[in-house]
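Note that the chains take the letters A, B, C and D in the order they are written out, and that residue 1 is the start of every chain.
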């Protein structure tokens, strides 16, 4: 019966009503399902925002050249989509380790969403100014936005790893440590990208494109390795 | 088996189908999961709406000065984000106490969402008119909107506290009473803010900024205290 | 064990994997949680769409007169919000009776959402043309849209009532019959409203306003009656 | 107890914490509920996007002729709605077979959503250019977008069918095989539609309209057959 009770606790990330539940409810515990639902809602909106910038060519003008002229907008949609998709991916990989949320995890999540919400804007800024004299400023601003979103997402992981009461049973310390290390690597890459953007903005854009492609390709490599073994 | 049955009732906020379920289904009971899902959807949309007001500077013009000129819009996004995030936070803290919803809680929630939905608009109104001669009117309108959203959210808490059948077992009366008192304090602060806005509109804006910062900082203070004990 | 099994079936509206599950999976069964999640997503977007039509008065012009000039837009937001909120309310009251969905319920739901999705547009059309010579046409179009949304929502109820395999155990036939009768009354009111709109369009608008206010007030009346008994 | 454990695993698509859970958590497993919630969020946004293109006729001009002039926009909303609704339908029919998701299924899903996200744009392109000299280019672009969305959705089905660890117990091989075959038929139809669009663009548009109508009608046929037997 004990294990059953714990299983229920995890099922919906809401405090159970039996045993030590009174204590838990009195404390800072907040439901994990709403944590995820609201976050997924903001992610879904942010990831589709740049579609609104695509303009249908006017009737009369040839379609293909008109669409080619919009390549900045298409590139922006692609970059924004892949990057926010990657954050969703990472976020789901973190919250699968959680049994419940609390006030601070809600707060960190909101801060992360604040930066994710402006990512479509800063992506748009970057791709619009790719050929402008101010390209460096635009890419650095994008880089800072990516860094801030990445950093606050990392804070969430750091906090989860430090608050064992939020973590489901059976998660090994090594699993948490590996995730924390992974976040530091990502932060490091983002800092380097900004440094590059100051000197060689277009090289930084290339780096962002490469990492997004890698992010999409990694699961495929993983699958191939798994299939072979 | 009895406790198990109750646990199932809570799991998804939907009436169980055994024992006294026929009575419950016939009554005014409505699912809690949809209550939360729809509310989170509207929250997620409202919180990202002001991103649409950020304009990417045209190519040719220097980027940084152009962005600085948009500080009203950025401030609006920030205030709106933090305030609606705070409502999400409070709402989740209320519904974690609920085992199910009913017609009246749905109705109160809709009224609350009606006011949350126009918050991006009234925030925009306030930040746009910060330096206009009509700043006082704009800040009072924002204050009234915040008060109405806050008031209807409080009604939800008052109603939950008065309808024991909606509350999960094991929640102490003191927990509910404390939440109700907390709502009265928030209502009081919002009334005072409007009074200030009539006389000193910019002081009221400062007060809104301070409370949002405090709202974000409180969980951190809480964490620090918990870690020390 | 039998009851437990059934409880699991209901918990997430997904077919169980034991006993007769193979049969069910092979059949037309579709998950209820996605039915609700997608529907709530479209509802949340549609209900906030008319906020985008509110324009912040330009700096310099007095704020209050400028806002008063926008009363059509505010009225539109209010009507659209209350009406779509009412559909959400009714929809939740129907799906709480469901244990699972199927292809046809998904299809009916999509058709309903198709009409709900244009409701903000037709509401906007009606309030914009309140004082135009073509007010009658505008109100009739709005009325037809409301009728179509209402009708397809009724189809969902009729279908649920006729497909016992979709209904949770313990729901009395009378409960289903009462819901079906209620839908016919709503359809009737909507037909009458269109007939009125042809002759006296502004009277029809008044009728729409009164019914939305009643819809909001009914739970309060209900609460008062419950408290007295 | 064993079956109970498995049932819990399925309930929310999150790894169980008992028995072999440590292994599962360490591996590539990702929660199914977030997979569905985020996907439904993007679907809900994409399906309502073309409503934004409907313009309310100005006051003074007769309403009906003005609305008739917008038939391209209404047709676009309808086609986009039905097509994205169909993808939602198919997606739910696939994920009901899943007990959990993993990195690769998240990746494939994101790729699918990337193409679904631009469907409103390419639908708009097609209906805007129905009478333009470049109609063929516009219809082929729409066809390619539909094909890419359809193809990536098929990849998801192919992957599920090949990864038994993602599938709920009790699903027969034939069920999976039938779904895979069904996807190949859909891909074939989409390739043929593009071929037709190159030569006879308006015939291809007709084909798209017929298939969407069929997709809506099929459940009705199914119901009729079920009722008769």
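Quick notes
Note that in this section a contact is a pair of C-beta atoms (placed from the backbone, for glycine too) under 8 Å apart; a residue touches a chain by one contact, two chains touch by 3 or more.
Since this is a predicted model, take the numbers as computed values, not measurements.
Comparing mean CA positions across the assembly, the chain most remote from chain D is B. At the interface between chain B and chain C, under half of the residue numbers appear on both sides, which makes the contact a different-residue one.
Taking each chain's centre as the average of its CA atoms, chain A and chain C sit 34 Å apart. Chain A and chain B, compared by their mean Cα positions, are separated by 24 Å. Within chain C, the positions touching two or more other chains are listed as 4, 11-12, 33, 37, 41, 44-45, 52. Interface residues of chain A facing chain D in the complex, by the touch rule stated above, are 3-4, 6-7, 10-12, 33, 36-37, 40-41, 43-45, 47-48, 51-52, 54, 56-57, 59-60, 62-64, 67, 77-78, 81-82, 85, 88-89, 92-93, 95-97, 168-172, 175, 216, 218-220, 222-223.
Put simply, chain A touches chain B in their complex at residues 4, 8, 11-12, 14-18, 21-22, 25-26, 28-31, 33-35, 37-38, 41-42, 44-46, 49, 52, 102-104, 106-107, 110-111, 113-114, 117-118, 120-121, 124-125, 128-129, 131-132, 134, 137-138, 141.
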